[in-house]
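Naming follows writing order (A, B and C), and every chain is counted from residue 1.
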Amino acid sequence: MAPLLELKDVSARYGQVSALHGVSLTVEDGEIVALLGANGAGKTTTLRAVSGTVRRSGDVVFGGKRLGRAGPEQTARAGIAHVPEGRGIFAELTVWDNLRMGAYMRRERPDFAMVLEYFPWLAARRNQQAGTLSGGEQQMLALARAFLQRPRLLMLDEPSLGLAPLVTREVFRVVGDLNRKEGLAVLVVEQNAAIALSAAGRAYVLETGNVAISGTSDELKADDAVRSAYLGY
Amino acid sequence: MQQFFQALMTGLADGSIYASLALALVLIYKATEVINFAQGEMAMFTTYIAYALLTHPHFGHTLSFWPAFFVTLVIAFVFGVGLQRVVIKPLEHASVLTVVMATIALLVILNGLAAWIWSPELKFFPSPFPTSTWVVGGVHISKQDTGVFGVTLACVAVLWLFFRFTKLGLAMRAGAVNPVAARLLGVRTSWLLALGWGFAAVLGAVSGMMSAPTNFLSPSMMQAVLIFAFAGAILGGLESPVGAVVGGLGLGVLLSMLGTYVHPVTPELRLPVALLILLVVLLIRPAGIFGRVVVRRV
Amino acid sequence: MRLRWGYLGFALLVVAVIVAPLVSTNYRTFQLAFVGIYLIALLGLNILTGFTGQISLGHGAFMGIGAYATTILVVDHGWNDLLTLPVAGIVAGLAGLAFGLPATRFAGPYLALATFAIPLSFIGVLKRFPHFTGGTLGKQLPSLHSQFGIDANPSVWIYWVSWIVALAMFLLAYALVRGRFGRALRSVRDSEIAATASGVSTSGIKCAAFGISAFFCGVAGGLFAIAVTYVNPDTFPIDLSILLLVGIVLGGAGSLSGMIFGALFVEFIRITWGPALLDLFSQVHHINTRAPGSSLVVYGVVLLLVLYAAPAGAAGLVRRLVTGRAAVAAWAKQDRTPADEQA
């Protein structure tokens, strides 16, 4: 079975500075994969390279098809939902308008009922300005919006950023639900290695633009190097 | 009493012309942080096109006012989209300052082109509204002023409905707030920018065609209006569409009242006075009346 | 190394200035006098736009203020015309400061739009106080003649006066943009946030730049009045302000020596090159290219072409030829990076 997403030797740069030097990784249908690493390792850049937010070289194959020079609009239409660093919600618009934007590309009427199953509290906040939601609520809103895109792959950039541990666990619980019940594959970038490894089945560790270590979550949790550098014990 | 209402109506009529152009400025500014200096000249140029439709036979007929008005709006839309695609888009990776200079170049070209094609002399532009008045409670209200106010505000309202209730309008609002996130949702932000220019051009055309009957048609007719529109937009807070409309209307009424009741303020001083009002308001409230102070992330 | 090129360039300029009237007709010399006048104005505007990064569409009005100051002093108060020049500069400079004090609180593009209001307001004020300014009819100055016992053709006389003042102002501009003040100007241009963080008062600098640039334009305006011997409200329309801005971009904003090209452009495009270009065009397309407005179209198209192809202007091209390095348009540097676009 071909993987859902495959990166073959992908490189990317910001101006003169090279951020990724030949990253290769895969995500299978229906699995959760974590992308770990320290600050500046290139985790966010990897997601941006996939979604086309930053120019890349190398191959990105999604659902068997090469994503050529596609920009963000095309990768979104191909079925990849990228929730960027900082959530990317439209702060000045209402919660409802944010959700409507999630369904922008879809021809059929958006299935708000299904969204509310996973995010019931949204119904009460429909008309609230999205920028006034708490960090955790904004993250949930971004997830709900991404879900409305009916993607095959969800890419999350540091969902735990700025959130309290309890809230982070809630976020990952919802991500897990979406993965199990909807079969949504997830590629999650995280600095919080512990929670990422408990949610994901496999993980890659990036260091200065390369894949340094890869394996199943159990393997990585047992690995001494990973434990001391990223898990803190 | 009569004087008051007359001044009020004239102020509202002038103000609605400023409001329409101010809204055009804000539309483009919100989406791109660029002030389109050519907005006034685009409005002037499309008004000349309306003039051509009204006075020269095309396909054997000249048009009467309202058909010409609507045809011009369509032409203005296409014109705005075209200008964005051809002139502005190539500079999309350049700095804001470069793009502003390009809009200044557009200003110059359109001004020169209008004088070249139609000659710079003042021309008469017909008004669709009668010059008579209604008598309400013993006060005469000018039909011309009411008409201008009504038409301009109707156009603004239609645009508001578009932005509020259509999918495309929502996408444009989203694209203005966070273009990166919008693109990740499949929004082709580049084309929406062009649409924004198209709508701004339409607003400008309305402004021009409503202004031309009283201010006569000439290549420089919209230069002062641009300043008033800008002042109105800033007063309202440059990022706020509502502010632009309220600011434009408010400025029109204020100037009209000053001109009527404060005698040293003669017509030649309208513009310096507007500039003065603007400077004073900004000293007190730098973000404008409806604006929020934007904290920039470094 | 750069300094040596600078001295060499300046020396070449001085030589050119000395030689030119000897090989030109009186009419051409008169035109070259205006090149000197525009050079003064452009040097000033460049300090504001090229070095401090603020676009102004209103500096033609400061020339107008200087011109009217000179005219009123000469005609109504019998001053010697040359002595009025510093006063013209100072009056215009004060007007620039008066505008700058409140206006520099606006950010870049808003400030530019506010400056658009200056020439329009100026014309209104001129017409409102005819007793002082001569209203729409304007004022007539005494005819141009050489002074101090020198017997020279008036064109040659004004040429020398303009160019001596221009070269002096060039040195003044050079002194201003070197050293701390110049660095402060450029820091405001390149990054207002970083400048503020370094303790530079950005609105103070912008205000000073406004005042100084207005001073230069005022002196230029005074000379203009003396040369043309007549001023009225239409002498300094918005077109002139725009033409000055085009001259800056063309010459190379941020480069003082580039302003020579800018000044040559401003003078000759109006009378000579513009119409010649249009005549060429009309031979192909049979349109009336002498019509009013045609020259404006030429300036605008030229400006667009320069913005697309050579944003660093003529100075940038020369620098590329001489040093082999492409010049970044310093005044338009701020690039938008992906990081800037996050919510």
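Here is the rule we go by: contacts are C-beta pairs under 8 Å (C-beta built on N, C-alpha and C of every residue); 3 or more make two chains touch, one makes a residue touch a chain.
Keep in mind that this is a model prediction, so the values were computed, not measured.
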Chains touching both chain A and chain C, listed by label: B
Longest centre-to-centre distance from chain B, chain (CA-based): A
Chain pair with the higher count of C-beta pairs in contact (B-C, A-B): B-C
Centre-to-centre distance between chain C and chain A (centres being mean Cα positions), rounded to whole Å: 54
Chain centre separation (chain A, chain B; CA means) in Å: 43
Distance from the mean Cα position of chain C to that of chain B, given in whole angstrom: 30
Chain A residues counted as touching two or more neighbouring chains: 53, 84, 88-89, 91
Shared interface positions of chain C, touching two or more other chains: 338, 342-343
Residues of chain B whose C-beta touches two or more other chains: 177-178, 180-181
Contacting residues of chain B [partner chain A, same complex]: 167, 170-171, 173-174, 177-178, 180-189
Chain A - residues contacting chain B, complex: 51, 53, 71-73, 76-77, 81-82, 84, 88-93, 97, 100-102, 104-105, 145, 149
Chain B contact footprint on chain C (complex, rising order): 53, 55, 57, 102-103, 105-106, 108-110, 112-114, 116-117, 120-121, 124-125, 127-128, 193, 238, 242, 245-246, 249, 291-301, 303-304, 307-308, 311, 329, 331-336, 338, 340-343
Parts of chain B lying in touch with chain C, wherever the complex brings them together: 33-35, 37, 87, 90-91, 93-98, 100-102, 104-117, 119-120, 177-181, 219-220, 223-224, 226-227, 230-231, 234, 238, 266, 268-272, 274-275, 278-280, 282-283, 286, 296-298
